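Working notes for the structure below.
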Amino acid sequence: MTPSINATIQETTQQLLQLHRSGDDRPLHGLKDQVIRLIGLLRSAMYPQIFTSERYAGPWTGTQIGSYLQQAALLLSDMIRAVTGQESVEAVASFFEALPQVAEILETDIQAAYDGDPAARSTAEIMLAYPAFEAISIFRLAHCLYELQVPLIPRMMTEYAHQTTGVDIHPGASIGPWFFIDHGTGVVVGETCTIGEHVKLYQGVTLGAKSFKADENGNPIKGIKRHPDIGNHVVVYAGATILGGDTVIGDNCVIGGNVWLTDSVPAGSTIYNQPTAVGPVEP
Amino acid sequence: MTPSINATIQETTQQLLQLHRSGDDRPLHGLKDQVIRLIGLLRSAMYPQIFTSERYAGPWTGTQIGSYLQQAALLLSDMIRAVTGQESVEAVASFFEALPQVAEILETDIQAAYDGDPAARSTAEIMLAYPAFEAISIFRLAHCLYELQVPLIPRMMTEYAHQTTGVDIHPGASIGPWFFIDHGTGVVVGETCTIGEHVKLYQGVTLGAKSFKADENGNPIKGIKRHPDIGNHVVVYAGATILGGDTVIGDNCVIGGNVWLTDSVPAGSTIYNQPTAVGPVEP
Amino acid sequence: MTPSINATIQETTQQLLQLHRSGDDRPLHGLKDQVIRLIGLLRSAMYPQIFTSERYAGPWTGTQIGSYLQQAALLLSDMIRAVTGQESVEAVASFFEALPQVAEILETDIQAAYDGDPAARSTAEIMLAYPAFEAISIFRLAHCLYELQVPLIPRMMTEYAHQTTGVDIHPGASIGPWFFIDHGTGVVVGETCTIGEHVKLYQGVTLGAKSFKADENGNPIKGIKRHPDIGNHVVVYAGATILGGDTVIGDNCVIGGNVWLTDSVPAGSTIYNQPTAVGPVEP
Amino acid sequence: MTPSINATIQETTQQLLQLHRSGDDRPLHGLKDQVIRLIGLLRSAMYPQIFTSERYAGPWTGTQIGSYLQQAALLLSDMIRAVTGQESVEAVASFFEALPQVAEILETDIQAAYDGDPAARSTAEIMLAYPAFEAISIFRLAHCLYELQVPLIPRMMTEYAHQTTGVDIHPGASIGPWFFIDHGTGVVVGETCTIGEHVKLYQGVTLGAKSFKADENGNPIKGIKRHPDIGNHVVVYAGATILGGDTVIGDNCVIGGNVWLTDSVPAGSTIYNQPTAVGPVEP
Amino acid sequence: MTPSINATIQETTQQLLQLHRSGDDRPLHGLKDQVIRLIGLLRSAMYPQIFTSERYAGPWTGTQIGSYLQQAALLLSDMIRAVTGQESVEAVASFFEALPQVAEILETDIQAAYDGDPAARSTAEIMLAYPAFEAISIFRLAHCLYELQVPLIPRMMTEYAHQTTGVDIHPGASIGPWFFIDHGTGVVVGETCTIGEHVKLYQGVTLGAKSFKADENGNPIKGIKRHPDIGNHVVVYAGATILGGDTVIGDNCVIGGNVWLTDSVPAGSTIYNQPTAVGPVEP
Amino acid sequence: MTPSINATIQETTQQLLQLHRSGDDRPLHGLKDQVIRLIGLLRSAMYPQIFTSERYAGPWTGTQIGSYLQQAALLLSDMIRAVTGQESVEAVASFFEALPQVAEILETDIQAAYDGDPAARSTAEIMLAYPAFEAISIFRLAHCLYELQVPLIPRMMTEYAHQTTGVDIHPGASIGPWFFIDHGTGVVVGETCTIGEHVKLYQGVTLGAKSFKADENGNPIKGIKRHPDIGNHVVVYAGATILGGDTVIGDNCVIGGNVWLTDSVPAGSTIYNQPTAVGPVEP
């Protein structure tokens, strides 16, 4: 009896071995787990009072932060070596130099969440129970690596945030301070999107591309501006869709729920759908 | 070579140390993991045949349930102490007294899922493969703690459910028995929402607030009714949005997909969008 | 003091014990964790260069693949025994015989993602950072078990993918090669849906059922065709909803964002919503 | 290349499969790990201030002790079922009834260690850093199960103590209170040995059997008294060997280092080796 | 305050970095853990009914054994590559070819333990609760690798057995079938020792070297015969010491407790110490 | 049925609760595991090429060492706080200042093992497969903390080494460089022992106390010299016992196997037992 199962497995092994692509010769083993550990170490270093399982107060806090940073540096060096095949002392150093600035901007995001939600009772609650902080803190770390031209890892970081929050921000997007996303599920922010200060998005908002420009061979042209620019103090309500690289939403605009926008809107505008007629129609 | 990396890390450590907020002196270390363990222990106690990795039948089932409850009680006492700085014998006792009622209401929710989905083949399948059960079981446990005025932890519990299901129910919402949510991704149910018996929601439904009332200083006023009331035997199809604290959906209503509602609807109504004209328009 | 807590727990234990349903006598302990381990082992066998934490090159790759397959076979045999109460040598053998075909189709899906997204830089990136691959690879494995009439497990597999990606594909759906889903959050694909080759869906797309047909007793009739058929080379943009078992979308159609469709569309059509009037209306 | 390795493994698998003894049909999987977990749970229940990784003071200590005891009861029931094939409600209940007495005797052992070693500074040190406590606490628990005629498990428990301390006490031995073993490595105490109160052993002491009595077929006769009786207030120094079921060491004896005894000694005796002549002899 | 601790650590880091030996450039990271995992996998393959935590009966046993063997092969290939810097397909293949013979000899050892100890009640007890089986099974596996001239790993395997049993057998020793060691703590068997069939050792027995022969420079000469030869059917009681490469113990000898031997003994001899005079002498 | 088990457990809980000693109010939870982790971190910092599971070469080695040291500092600060109830910045700093010296002395011990054993093939083998290195490296770290008057922890460290090697060295002993212990099981070295340079011990050697001096009340007097002094270049063979605080073994002595010494020996002596008469005496 067993022989038949074992023979099947043997046969399947041989077939999978032939499908195995020899070109994929850079070892990326375990990169998914490493991404999660890296995010954990960086947040532990920035917020030891929240994200660590052990407490070290008084004279030891600095040692604890340093320990997390060193572990993160070693891990990141491993990951970049796996992805690029090269050492990365400068990239890692630059990333850690930028980290305090990331932490400072995140303070504004935490404050924006606290100010923007009547239900929020403390900044600790923002960090522990708001998908906005989860998504934005990971995005800002990933964006920092994206700017240093580290491949693959920034995308994996924001995709991890996408998994845990339903918020899909491309690490290439530029986003100002005091950024808040409420509820968040289904939000999409594209790679060439820019977002100003004090912007608030609700669940299901898409800041995306129109149909891609194709070259003569029908392949999408890479590296061109495809996503909209959002000004300062803009609110975009749930389910709204704003598309296109030429689309500019001016400062202080309010975009209503489910609005579909492919053209620019001047500063100070308030845009809502007309109520659609409702009645007893079969679906 | 190394010195430069180590010097960078040392410098970053000092800068993060200065950003470290001294006011955050309540230790919340590891609270995220504790929330997940608490949910696991409570569901193991309520459904040992499903949610445990070891089986204990016959005379041992009671011992097994008791063991999970005791572990959950210790863990919850730790968590409340971390969050409030105080002992919580009464709150924990009240929570465990209420647990059998939670289990009874969840039986109605399981039955509602089984009755409402042609694809469901057993109640075990509901518990193992339906986001509705994941989201609603966690909500009902969290709501119980919310009613006992335990801070932060209920929100963290429902946010965990939000992460795993995409369903974002505030623990303050009041929801009757026989509640079902199909598919679920993107559902939002606000803090002051009330929902009757035998209600069914589809993915992407929002039961939310209109724009917040602000006080004289422009800060949102807290603690006021902001979200709608949904009657008994109501169905809300995918993507529908119902907003406002004064909005009441009467019993036996059917709200169609993508409908946008900011006004009340009398009992027995069926509300659908008029079909929008369709044609070959560029996006 | 303690006695009161312990007495409460004792009392709650007895009440939960009475609620405990004696009918649920098939042990399903730990099935959720087993589903996750099974998916991990199968992907490790198909893509050892990506999904394993240790590398084995040259003469050892075959041994490594074989090892993962054997572990997966043992685990699957356990799971099927738990779910059906019976041995399953043939089902397991058939599943492993089909695995190379699954791997071949997944190559087309990886290629479709790479071709369809200007931001993709390598096929490794597709496998590591795209929810499409996560959702589709799990769906194709689950569909294979669904076809072998293994109960419960396929649904748990796709529900796991739903949790990590927000993409909810029923394992019963039939989906051709070169399938791609961009962003994905909120996508729903129903059990009796068929999808052709080279189809691309965006986030929030629903391929669902109209209201269920009920029998004389008001119960939904099971096993009938309820979801639409999608042809080859079709693109469906974000938030579009296509409903009904009679609804057929012909080859080469483009369905625009937020479009609501309950009727068939001939091949080659491009369907968009008329822009809704926009203006300064209060929400 | 790989085929040859895989073929070898395949061949070895078949050969091991044939060696696999069909008679061993009681599943003992994981019993070694369970023994370690059982010991851990029991000591956590008896000494929560020392052997647990989380602290629960005040009103919660009782809940914590109860939780460990319930987990231990479930685990022990599993283990006895694996070993005997039968339920064991009474044996488990009897064991737990006896546990407080075990704890009381262990208090005398802790006190004996504290009194007997000039280096001991606290009773906590005895529990944390003395092999005597490790070996004796496990022995007393195992002896309790041995008396209840639970097979195999008591031996595995004392063999675990043997591994961690080098002290090999058979669970069948009878040992009075205030028992202490210093250093301990190499101590052997046989199954039918009896030891009085206030006895102290040093490393390398053997309380063993002379050559076994054999029956007509040359097989050792089982179940007969084979090991010595040690009175009260006896000290046995390092490396001493006392053999035989008829050998009785009276109260208040002192047995010197490396002494070899196969005969009884009256109460109050002090027995030492004559110093062996020493000098420059080649080994 | 913190700076001083961090400065100290920084300083210590630099000093340790300078002590770090550049010559140790073969990565041996984690080899200790790998040794333990290898032993676990091999015993799981040989005795799945005892040493695994999951059971697979009937048609699956072969798949389970094969799975453990493949994992062991991959692990061993890693370990040999770490130790030698070279691939090892042949050594691994030869080792697995020899494995069934190892299993067969171990059956004789298990039987010898069962026959030799009046307290043993089943062969499962031998495998689960006897240090003899722990030490001898690891020795026989290690000896097999020693014969294949794999460096370092065999010594680490027997040293692991030494840790868990106190029995220190060099992997180079040659030991016949039906070998048994009772209690075992303190047993030492040297590298060039040979032991016949049906030999039984008690705790504290040394089969060692006299003082080493040195070359002209005072360095010990390597690779010469240094340890005794033990014939068939020999019993050596506790604490006996037998030294020297020329020392031969003939068949059917009995060597008494604490005997010190540096000369050969003819077959059939029974050697005991004369009782030393005993009396009230101060230590 | 269950009630009886649960009632028993409830009753046992109450009884254990009463036995629970209220005086033990310093929380020592988890100290045993922390000791093991501390030893692991310190050895990883000193020998990253051997004792870590990940490798970091070139510019990263310093970061890796620093990371282990910082983690060790945090852990040690926790442990000292648990044991003494006080902060310990100075003790921790002093310990880390001394660490490079410990590493330097250990180099001599490694060399002594390599020189002293004909079987040793590399210094890596010494570190990976010799109980001498395990025991001595832990002793030297523990002795360093003992000198800083840290209570309890040093004893727990050497007791851990005792468990894994059978070598029981009190952390208070003073031991010079080039120290080697062969095989090691059963070695005991007392608290007030001093050992010179280039000393070699074999298994079963005791450097212990004669009977303790007692005060007027019969309690052993603490803090007096109780154990022997061993000179430079001394070899002590297996099983030898040297006792007493006044006993001095001069430089360059050789003490033979099983010798029992309670008096001093002048430098350059070689001391062996006279061979005991052997013959066919019944045991």
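Which chain is which? They are A, B, C, D, E and F, in the order written, and residues in each are numbered from 1.
To be clear about the criterion, a residue touches a chain if its C-beta (ideal position, glycine included) is under 8 Å from a C-beta of that chain, and two chains touch if they have at least 3 such contacts.
Just so we're clear, the structure is a prediction, and the values are computed from it rather than from any experiment.
Of all residue numbers used at the contact between chain C and chain D, over half are used by both chains, marking a mostly same-residue interface.
Counting C-beta pairs in contact across B-D and across A-C shows that the higher total falls to A-C. The mean-CA centres of chain C and chain F are about 57 angstrom from one another, to the nearest whole unit.
Chain centres here are Cα averages; for chain E and chain F they lie 23 Å apart.
Residues of chain C in contact with at least two other chains: 1-2, 5-6, 9-10, 13, 17, 54, 58-63, 66, 70, 73, 89, 166, 185-186, 204, 239, 257-258, 273, 275-276, 283.
Viewed as a contact network, the protein chains are fully connected, with every chain touching every other.
For chain E in complex with chain C, the residues that touch the partner chain are 54, 56, 58-60, 63-64, 66-67, 70-71, 73-74, 77-78, 87, 89. Residues 1, 4-6, 8-17, 19-21, 24-33, 151-152, 155-156, 159, 162-163, 166, 168, 170, 185-186, 188, 191, 204, 206, 208, 212, 219-223, 226, 237, 239, 241, 256-261, 269-276, 283 of chain D are the ones that touch chain E when the two sit in their complex. Per the touch definition, chain F reaches chain C in the complex via residues 2, 6, 10, 13, 17. By the touch criterion given at the top, residues 1-3, 5-6, 9, 58-63, 66 of chain B touch chain F in their complex. Interface of chain D with chain F (complex): residues 45-46, 48-55, 61-62, 65-66, 69-70, 73, 89, 92-93, 96-97, 99-100, 103-104, 107, 115-119, 121-125, 128-131, 164-166, 183, 185-186, 203-204, 210-211, 238-239, 243, 257-258, 262, 273, 275-283.
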